[in-house]
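To keep things simple, chains are lettered A, B, C and D as they appear, and every chain counts its residues starting from 1.
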Amino acid sequence: METDRLEAFSDGVLAIIITIMVLELRVPEEHTLAGLLDATGIGLLTYVLSFVYIGIYWNNHHHLFQLSTEVGGGVLWANLHLLFWLSLYPFTTAWMDESHLALVPTVTYGVNLLAAAVAYYVLQATIKRRPGGHRVREALGRDTKGKLSPVLYLLGIGLAFVEPWLALVPFVLVALIWLVPDRRVEAFLERERSGSTT
Amino acid sequence: METDRLEAFSDGVLAIIITIMVLELRVPEEHTLAGLLDATGIGLLTYVLSFVYIGIYWNNHHHLFQLSTEVGGGVLWANLHLLFWLSLYPFTTAWMDESHLALVPTVTYGVNLLAAAVAYYVLQATIKRRPGGHRVREALGRDTKGKLSPVLYLLGIGLAFVEPWLALVPFVLVALIWLVPDRRVEAFLERERSGSTT
Amino acid sequence: METDRLEAFSDGVLAIIITIMVLELRVPEEHTLAGLLDATGIGLLTYVLSFVYIGIYWNNHHHLFQLSTEVGGGVLWANLHLLFWLSLYPFTTAWMDESHLALVPTVTYGVNLLAAAVAYYVLQATIKRRPGGHRVREALGRDTKGKLSPVLYLLGIGLAFVEPWLALVPFVLVALIWLVPDRRVEAFLERERSGSTT
Amino acid sequence: METDRLEAFSDGVLAIIITIMVLELRVPEEHTLAGLLDATGIGLLTYVLSFVYIGIYWNNHHHLFQLSTEVGGGVLWANLHLLFWLSLYPFTTAWMDESHLALVPTVTYGVNLLAAAVAYYVLQATIKRRPGGHRVREALGRDTKGKLSPVLYLLGIGLAFVEPWLALVPFVLVALIWLVPDRRVEAFLERERSGSTT
């Protein structure tokens, strides 16, 4: 029961984050294709990227809370902590865009991505320690993707110092590895269901 | 169960898109009726149009997910893909408005409409392939409207090159054919219910 | 079941309208109380007014859909039509504010209020015609408030031509008569429940 | 049943407030760390503070409505009254930020915080008077935190007249005392459950 409202609130925040990013896209002053590319060229690319990230978080969040049936104060705050970092995406995305991938804004974006990944990890760990947390542990297994993502974000931050746009390579890579449908939770739930039938 | 949260998230995103478009309407500087028409004349018209489109998508989305009881990773991404294109409506609408229906912005708007229609088609096809997808196939039947819409969008994009405002004719036409209440899903659900009673 | 999602969507839109109006409040440039009053004086007053209106609509909407258990295509569109007019409140409120209650913006605001009231009336009438609509008819009774509101809006629009700020008198009056808790729906539901017990 | 929709609406409004505050953060014009600190230094700090406040209100609101199973007209309005003051947080936060903690904006922010705390107190008192309100009374007990918060806000407002930034000390303190997980409601619900088992 409690989980319902936490999920509804998180869905609301994620839905708003994913949608208001479009308000940061500046409407081009010239009415040409060149004007569109000039005003929003990088903007549209990073808009897609941030959109995909938020989509991935929603997806994973959704799976995570299918496994946990009750939440306590700790989970509530760990969840808000995650939402905090995600809520900054429109801001750091806009700054990076408007700077046309300058060093500091790109690193700031990377740090934002990293902080959200760490916050997600903390949320997951908090849920694992709760009664019933063994289901999360079993379902997620070794969680290779979850461990790889922060490493790739760190790599991106490092590469930015060589050449800012290089940072986007590992950033895009993170999005791609999560786009591959993740069957762990569904598979676990199926195993569980068939197990209870036997 | 899973469908619930996907619907809630989509409802959230659609509710935000439909509402933040009003933030793109510039408040007129003059305090006269002429000032209102001058600042928002085309704006209000296209605001209505985009509002109706999002309303139609919400309506159809709602019906589609009444027919599908479970979703997998593929459906989640197909749904996000649709939401992505819809989330750009406020941006492309605003650009077209501010350009007073210049060629490139109008074509861009048309391409956005077309991309969303294709994304909806892909979502529908993904659901049809899932277990239980035959219900969607049966309920939607030949789906004449669904097939006609992209053709009309393409026609609008073509007409824009003759004269930009001409593009609005087929665009408005799409809205009108969907405004006619669509009884397919309700009729199917009734048939199904009465069938199970027999 | 269908009602649920329509209510959730409407709640989302109303929640966004009521919240984004704050984005139209200009942050004062001077850091004094005079600066606050100067920049937002009328703004804060009409913000409260529009906030109360949306709150009333949410309240009434909530009651209306407690009485109607199923919705069809007609209700969906009548509901979207209402949401359309409500979605313009942030825009017309902002224009009236920035004009410091000039004639045309004030009349425009009044017309917006009137249009929403009419749209609500149409929604109510559409639900009354549906199977089960007799419950709405019985619960709402003579609906004096519902009939008085458009008259007061019309009066306000008329008074604006004498002196714009006079329009606010009947506008505020509408808000006040609805703030008085409306027990009709609760009373009806209680009668119905005790009736079924007997 | 009624509570559900009130909670959903409140969740929506709170989710939007917490998320749109990021739109008030100005994107720095310089692309340096100094530029980030200069443009958003105080902004980010108060953004965190307001984010935490809204998170606390959501958390407490959530607990409060777990204890009350039915709501009447009075509760609806008391709830809207609370949402009204919370909806002003993005505005008062932005003004305080842009003034770099000038006296009047800081006091205004404090008054906003105080008004929301009072509104929450009124909402709680309204629920306590409803049938079933004894559960809220028992669960919340002496409500030391609830009584301490307004006092700390008042202290902050007073300190602002000595030196504006000093106001932040008690403001931050309020956030900290609420961050400590509040087990009252959970403990009460557990007692109740085990009591009904005996």
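Here is the rule we go by: a residue touches a chain if its C-beta (ideal position, glycine included) is under 8 Å from a C-beta of that chain, and two chains touch if they have at least 3 such contacts.
Predicted model, so just to flag it, every value in this text is computed and none were measured.
Counting the residue numbers that touch the partner chain, subunit B and subunit C have less than half of them in common.
Taking CA atoms, the transformation carrying subunit A onto subunit B includes a rotation by 90°, reported to the nearest 5. Separation between the centroids of subunit A and subunit D, computed from CA atoms only, is 26 Å.
Centre-to-centre separation between subunit A and subunit C, using Cα means, comes to 37 Å. Looking at subunit D, one finds that residues 8, 12, 15-16, 20, 23 touch two or more other chains. For subunit B in complex with subunit C, the residues that touch the partner chain are 7-8, 11-12, 14-16, 18-23, 25, 27-28, 31-33, 35-36, 48, 51-52, 55, 58-59, 62, 66, 179, 181-183, 186.
Touching subunit C in their complex are the following residues of subunit D: 2, 5, 8-9, 12-13, 15-17, 20, 23-24, 72-74, 76-77, 80, 83-84, 87-88, 90-91, 94-95, 98-99, 102-105, 108.
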